[in-house]
């Protein structure tokens, strides 16, 4: 566990080609750290969402950082379709492993539990399954009729990256009820976290806070980043800036528009974007 | 109170499909189904439990993103809503793209949880206002979630009804076909046929979908608007306007 | 969800022969409700511990309430072996499905996730496995060498029973970091909970409390029972009374001694024992 | 400072086996291993992470009872402690009972997590002070957890060392045998042989187990006693007495 001075320092050692897992837009999305990844011009990412992606995914795809994407969906929510994702899917610029929400949760839980696979109901007969040669259907050994059941291989990300409201000086991180972040961290080799602030007292010493705390043993690095989710929201701290997201959706309709947006808001910005909140 | 807008009409139409349901979950970007669910919770004096996924209001989940799916897998969710960029006559859903996957001509966000929820939730209500041949196709280009399954496949759940801007259809699992059960006021069976790319059954005389019940309209405007505004403020403002 | 006036009313409809799951002694053991089960002279219980049992299990066994026991272990911890359990095991009075901790956690998670089984590493070559005809070993379909892996069938208890510090008037229950209770409730058909107190404001409205809250949709019944874990402890509220437990361990060495203890502390007590704390 | 009690001696003996370990977990009812782990955390200035299962002190787990096992399955726990009512020369452990299972003549609590942890934790230290032929048997009556596995069985973990009141043995996975590496001060190899029901290897000249390092003894009494008292108050009082 190490503390870093800012999101750029935090992500500096994430290698090209890493399998990176990010939270869904309804959770604690590390937008400041994602901009830092773009600034360091990371490439060939295998990007996984737990289980659906949004703005962070569209930016990484538009910036040419992504080689493959695994997600149950990617959209900008109320701001509409994710333009760079749609274009990349239509042009074949990135490879997409289409999944479905519980399949990603279960595959991460497989790594969390140290098992090679997890079973899942449903999915059989879908083209999601038909296009996943890495998934297997077996006859359920416990079903006297031997009905089919899907097995999903464990997914073990190289890096989990998210933002949280609070960490302590021991490296424990408070995630509240966003327990998909706990599973992401358990399942991943490294976990990097940006936080609104760092407090001295241990979160584990307070039974109320401990209930929503990811212990330091799963955390590799922490950097303070006020407004680290911005322009997405952090419940209890700030709401999403829908105008900024809609503006992005509009600009990013073309690659040229996206490039200009990126230059202005990420490259030239040097980490200051979040302060605008 | 006899005047109503399109959203209010659809909310009341969806609400009737929740009659007798004990627990409905409402996914992301579902203001009309969400309003219908919250209204029915009020109408049933809480006998209908409503679990919203989006936002914090009326969202009881505390075990992370997986809990909705775990909860459905436990058999605790009786009704859920799905849509589809394409839906065909066997109730197959396409939320991924048109054209020959993976070389899609038009890409949509993705399958979300449909490939699972469609299998385990007994009453999946398909809510898709746009009623065109672009949406209701003979055969979907990509099956995000199949409408029916082969024998032996574990499938306590599946399609229950379809609500569009024109009509309501119910799905028959045995016949693997939709049946038109009512057309909305001012709409015709011909209009439905013209705009539907698949065949469906229909009685000789198709009833007209009931207009919003006045007392429910009143409830909606007086109380539910404020409640759904906690999750969908812009929708609530647009639909219920000054009342919220 | 219903509120009951006391633990006796709470458990009144638990049927003979139910598959009942209880928490481990390091968690929130519903001792008051267990005494209520004894008073209602419940029989033929299939008793499951998540994953190890203690005083509650020994009392239920001694009182003749148990037909089969599934646990990874049963002991009185610092107070030594569980005397009624040991006797019953040696005499064959109860059937024992010996398990191992993670097998019980995983089998409950299987029910939680609505899947028929869960894989688990380890266990192969043990006599634990050799004595579990309900468990299956298959060749791992994802292992190119086809190494063996254990599959555990899902366990779906009829009733989960535990004690918690706090509930609210909607039926949400605060369990803090004791998340085995969440999985127990998710996996079970019914969940009955005794609590120290019931507050009016919703636990879900407070993001800090929500992180440690089991939502009401999983809870069938709640009864207030101050000191409901006693003589075991409730962290942050009261510590275990080791003298009372040692006294039990001594008395319960013989069935006659146990019977006298039971009459005095459970049957005659009518639910008042906890008030002694 | 040259005087020490039996527990202090064993704590220091166990501690040396944690040299170079990055994360040790300590199960229930393990005051001596727990003290050794906490002492080594101090000695290594925190390079050794210690996770206690019992109580709240030094217990980092927040995901329920399964987290210890999940954490071990993730490969994050390098050392763990197990015991056994019976242990045999192939390091098989019996925590269930003597006699012909299920018709046991003497029942013990049960296997706990041994059947799993023994497979996935690289360095499992067997801590069993009582060194008698009742404990160290030719063959255990019930295998709670096998000491070795057939090829093809996933097994990154297994027995590393055995610490008793008489000696320290190390386990050789390839030979599937224990080797006596030291006898405690005042004990003899013959005494070990007399009280061990299985065969084991031994060098011609068996060293004497090192006495507690004075600076560690001091650390133990000055600081670790207070720390372990948070989890095991009665043990701390008995062993470290007034110092706590």
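Chains here go by letter, A, B, C and D, matching the order in which they are written, and residues are numbered from 1 within each.
Criterion: contacts are C-beta pairs under 8 Å (C-beta built on N, C-alpha and C of every residue); 3 or more make two chains touch, one makes a residue touch a chain.
If you're wondering where the values come from, they're calculated on a predicted model, not measured in any experiment.
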Open item on the list: What are the mutual neighbours of chain A and chain D in this structure?
Closed with: C
Open item on the list: C-D versus B-C: which interface comes out with more C-beta contact pairs?
Closed with: C-D
- [ ] Could you please state the distance in Å, as a whole number, between where the Cα atoms of chain A are centred and where those of chain B are centred?
- [x] 29
Open item on the list: Could you work out how far the Cα centre of chain B sits from that of chain C, in whole Å?
Closed with: 40
Open item on the list: Please tell me the distance, in whole Å, between the geometric centres of chain B and chain D computed from their C-alpha atoms.
Closed with: 59
Task: Residues within chain D bordering two or more other chains - done: 56, 61-63, 66, 69-70, 73, 120
Task: Residue numbers of chain C (touch at least two other chains) - done: 106, 113-115, 120-121, 149, 177, 182, 207, 210-211, 213, 235
Open item on the list: Under the stated touch criterion, can you name all the chain pairs that qualify?
Closed with: A-B, A-C, A-D, B-C, C-D
Open item on the list: Which stretch or stretches of chain C touch chain A in the complex?
Closed with: 106, 113-121, 136, 138, 140-143, 149, 151, 153, 175-177, 207-213, 235-236
Task: chain A residues touching chain D - in the complex, by the definition given at the top - done: 111-115, 172, 182, 186-187, 204, 207, 210-211, 213-218
TODO: Can you check the complex and tell me which residues of chain B touch chain A?
DONE: 28-29, 53-54, 56, 61-66, 68-70, 73, 95-97, 101-120, 142-146, 149-150, 152-154, 234
Open item on the list: Going by the contact rule set out above, which residues of chain B touch chain C in the complex?
Closed with: 23, 49, 51, 56, 59-63, 66, 69-76, 120
Open item on the list: Give the list of chain A residues in touch with chain B in this complex.
Closed with: 24, 26-27, 50-52, 71-75, 77-78, 81-82, 85-86, 89-90, 92, 95-96, 98-103, 105-106, 109, 120-131, 145-149, 177-183, 235
